[in-house]
Amino acid sequence: MTIHNRTSFLDRVAENLGRERRTEVKPPSYSVKPQDRVFQGATQAELIEKLEAQCRIIHTSFERTTLAALGDSLQKVLAAFEGSRKVISAGGPRLDEFGMRGIYEALGKGGFDLRIWNEQEGDVTFAEQAGVGIVFSDITLAESGTVTLFNDKHNGRSISLLPETFIAIIPKSTLVPRMTQAARVIHEQEQKGNPVSSCVSFITGPSNSADIEMNLIVGVHGPVKATYVLVEDL
Amino acid sequence: MKVSLFITCLCDTFTPDVGKDTVQLLERFGCEVDFPENQTCCGQPAFNSGYKQESIQAMKQMITAFEASEYVVGPSGSCVQMIKEYPHALKDDLEWSERAQAVAQKTYELTQFLVEVLQVSNVKSTFQGTATYHPSCHMTRLLGVKDAPRILLENVEGLNLIELPLKEDCCGFGGTFAVKNAAVSGQMVEEKAQHIDETGAEYLIGGDMGCLMNMGGCLRRNKQDVKVLHIAQVLNSQ
Amino acid sequence: MGIRIGDKPYAERIQAGIENSFMRQAVSSAQGRFRSGRLKAAEDLGDWEDWRTLGEEIRHHTMENLDYYLHQLSEQVEKRGGTVFFAETAEEANAYVQEVAKKKQARKVVKSKSMVTEEIGLNEALQQSGCEVVESDLGEWILQLDEDPPSHIVTPALHKNKEQIRETFANKKGYTKTDQPEELAAFAREQLRKDFLEADLGVTGCNFAVAESGAVTLVTNEGNARMVTSLPDTHIAVMGMERVVPTWEELEVVVSLLTRAAVGQKLTSYITALTGARLEDETDGPEDFHLVIVDNGRSKILGTEFQSALHCIRCAACINACPVYRHVGGHSYGSIYPGPIGAVLTPLLDGYEDHKDLPYASTLCAACTEACPVKIPLHEHLIRHREIIVEREHMGAKSEEWMMKGFAKWASTPAAYKLSTKMARTAMKPWTKDGQIENGPGPLKGWTESRDFPAPAKKNFREWYKQREKRRGEA
């Protein structure tokens, strides 16, 4: 049995609500929709501006590049990096779409130990030792500066979590105004019967805490540094 | 326009001058002011302490006293707000809740009445000095009167208004709170007194006698040289 | 630990709070930052009131249909390979988690911050079954090392300063560096990383569960909740039964409200939505997922005038806006839920007997109601609690009861009222000096300990008015 005590529990809920159990509920309609007004009608260029401005607030470096120059840009970002030479990257179809294999090969020659998730054993251990984790944003939220990851077999949760530096490659085409649009995509997929991935990570910059005297400390359990690389893919 | 003065028990007992200024101010703008003799206290001390049945006795007295009035105007956001609560408090009693609704609808706080009903923004008063204004919680948050006092004060000739830091913070009065939780209330009013001190103002102006008694009592105990005035006194100053 | 903290009576707790000047300084400056953050976030949106309205409507709709959405949630979790346990009481919830821990032969449990697990006392239960429990939120870890209860629902160690934290780390963990927050945090990172990697079981709370997907959402900044849900083989999420939303569309609204109202962030660093266990082809994330849905007194609130208290999204905006909280701190409330929402919720969940003073720990200034992102009428709930304490529970002081009966008589008898306002000055004469009372009798004593009280006027208003009418009549 995988659901315990449900009937008695929900009967009690319904009883306290003063009615029979409900087996059907009409989808609610709400009187206001302020979430749709945020950056309504903004162009892609305007959204990029918003994203870049938000990156300053969330302690995240922001780079812009083209598909052709992506390798050089990554090289530059990694060159400035001091720490473990181990780099873990998400895999999947975008490796080829963005020519990542070639880029990673070049980085490997430059002294980096590169590994792509789910191609060998011991990914979590490697990620724990890695200095850098590289992911591709699935949906990017301009308002909050958030990278959305649908974690799956190519895109482990640990990549964006365990290494000290977090690099997100952001295809320009993934940019939307805010979380509203991302939530809508997931909701629509659910309604079509396509279940959401086992873990959806909305990541906004490096980890931080204000637990000690309300001082903002950037870098606690998760990454200490974050860089977004926006790629013109449109 | 006929206006019945709702004096509030605090003004009646402690600061009759505020009542006089309120009457004169309303008369200056053509109101015919009367004073229903059978009014007492709005019932808030009992209501806010949980003694609803006891407060209802006060409510019924007040409803009876003001039922015949055209408008009811009082120099207190908090006490006026209490009257606005009556219909809800009496909701289980159809007859009284309807009577309460009728009274609540025609009841206004003084500055609210001047600005919203009489459409006055300049009362043509003169007051020389530097002052800071404390917006009381019930007046602003519950009654929703935020702008009227400021509009009227800004047009007082000679008055130099200085913004009170963290002005929206409660002064610690809270009716029976100041008695039941006297120590906490004392700390809160002390903080308020410090903010008043930071403004360097000679006068503290407010629209609720409860809050003013609380802050005034603290300023006096601290020997802070700040005079406390009800807004009616400033608006009626020539 | 349970919902109650400490065993001192209310008056002593309050006094201890007032006398703790460091804590008050810390709370005051934190409130200042929270306030400006919240106001800035609201201002940025421009239409904050619409957002609040939407938040209220979402929470209201969900609560009215709670049985339906919890059913849907549990179906979805099951579909995704998870197990759901509905727990009526804290004991049932704890026993279930203990049982899972036993089955998994778990020795080490890592936790991310969760108020509901504090409420049910889960840590103690797990320790009793021989598990080592490690809190991994920085604030919670500090408190765990120091055996101190939380004083705030978002920043639990708000009452501690960095010197105290350094000392705790030094005494309990052999820390040797300075009290710089960055160094303290780096130490916690290093220490806890080992725990994350070694733990057999990860326990989290749940900010919101999405019924349509069976997803448990965690809203954090430090990344510890992601560690807890990525590394151990088993994940148990514990949620208060009210923390469900219908779909992702509602989720994003309440999350936006939470992060803005709590700390003024557009979103926190990590919003993580976890649906069941990891898939077969995935290499990280838990192999086994359990969702424990806790009632523990909540269903009693449904259908009552306090139902909207269950709308709370635990953002602490009311706590951060409360001037009473600022002066007394979280521990004064004697509950893990402090501030205005704590004063409303605690008596509902744990009864009036031990918490009858809480609803009175408010001036009813309504700063809480104004700050609440889902429009819970907190100050009205506090008044209603007071009515119940007086009229139903008969817990009011006898002296107060007599005074209020006298008040009712006085305020409903114009002749008595008139006479008293006339006589007030004479009656207060023994205590009056220069028109002021500096050392008042009876109920005035507390007031006059810190401030003066004015003596009644020589002539009350109605006498002046009567004389004026008379003069006018003669003229």
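Every chain is named by a letter (A, B and C) in the order it is written, and numbering of its residues begins at 1.
Just so it is clear, a contact is a pair of C-beta atoms (placed from the backbone, for glycine too) under 8 Å apart; a residue touches a chain by one contact, two chains touch by 3 or more.
Bear in mind that the values here come from a model prediction, so they are computed numbers and not experimental data.
Of all the chains shown, the one with its CA centroid nearest the global CA centroid is C.
Ranked by number of C-beta pairs in contact, the top chain pair is A-C.
With centres set at the average Cα position, the gap from chain A to chain B is 53 Å.
Taking each chain's centre as the mean of its C-alpha atoms, chain A lies 30 Å from chain C.
By the touch criterion given at the top, residues 26, 29-30, 33, 45, 47, 50-51, 53-54, 57-58, 61, 64-71, 74-75, 78-80, 82-88, 92, 96, 136-139, 142, 155-158, 161-162, 165, 181-182, 184-186, 188-189, 192-193, 196-197, 212-213, 215, 221-224, 226-227, 229-231, 241, 246-249, 251-253, 255-256, 263, 265-279, 281-285, 293, 295, 299-300, 302-303 of chain C touch chain A in their complex. By the touch criterion stated above, chain B contacts chain C in their complex at residues 7, 9, 11-17, 19-20, 23, 35, 37-41, 43, 45-55, 57-58, 60-61, 65, 137-138, 141-142, 168-170, 172-175, 177-191, 213-214, 216-218, 220-221. Residue ranges of chain A in contact with chain C, taken from their complex: 2-6, 8-14, 16-18, 21-25, 27-28, 30-35, 37-38, 54, 58, 117-118, 123-124, 128, 141, 143-146, 151-153, 156-158, 161, 178-180, 182-184, 186-187, 190-191, 195-215, 217, 219-223.
Across the interface of their complex, chain B is touched by residues 14-15, 18, 323-324, 327-328, 359-367, 369-370, 383, 385-391, 396, 400-401, 404-405, 407-414, 417, 421, 424, 436, 438, 443-454, 456-457, 459-465 of chain C.
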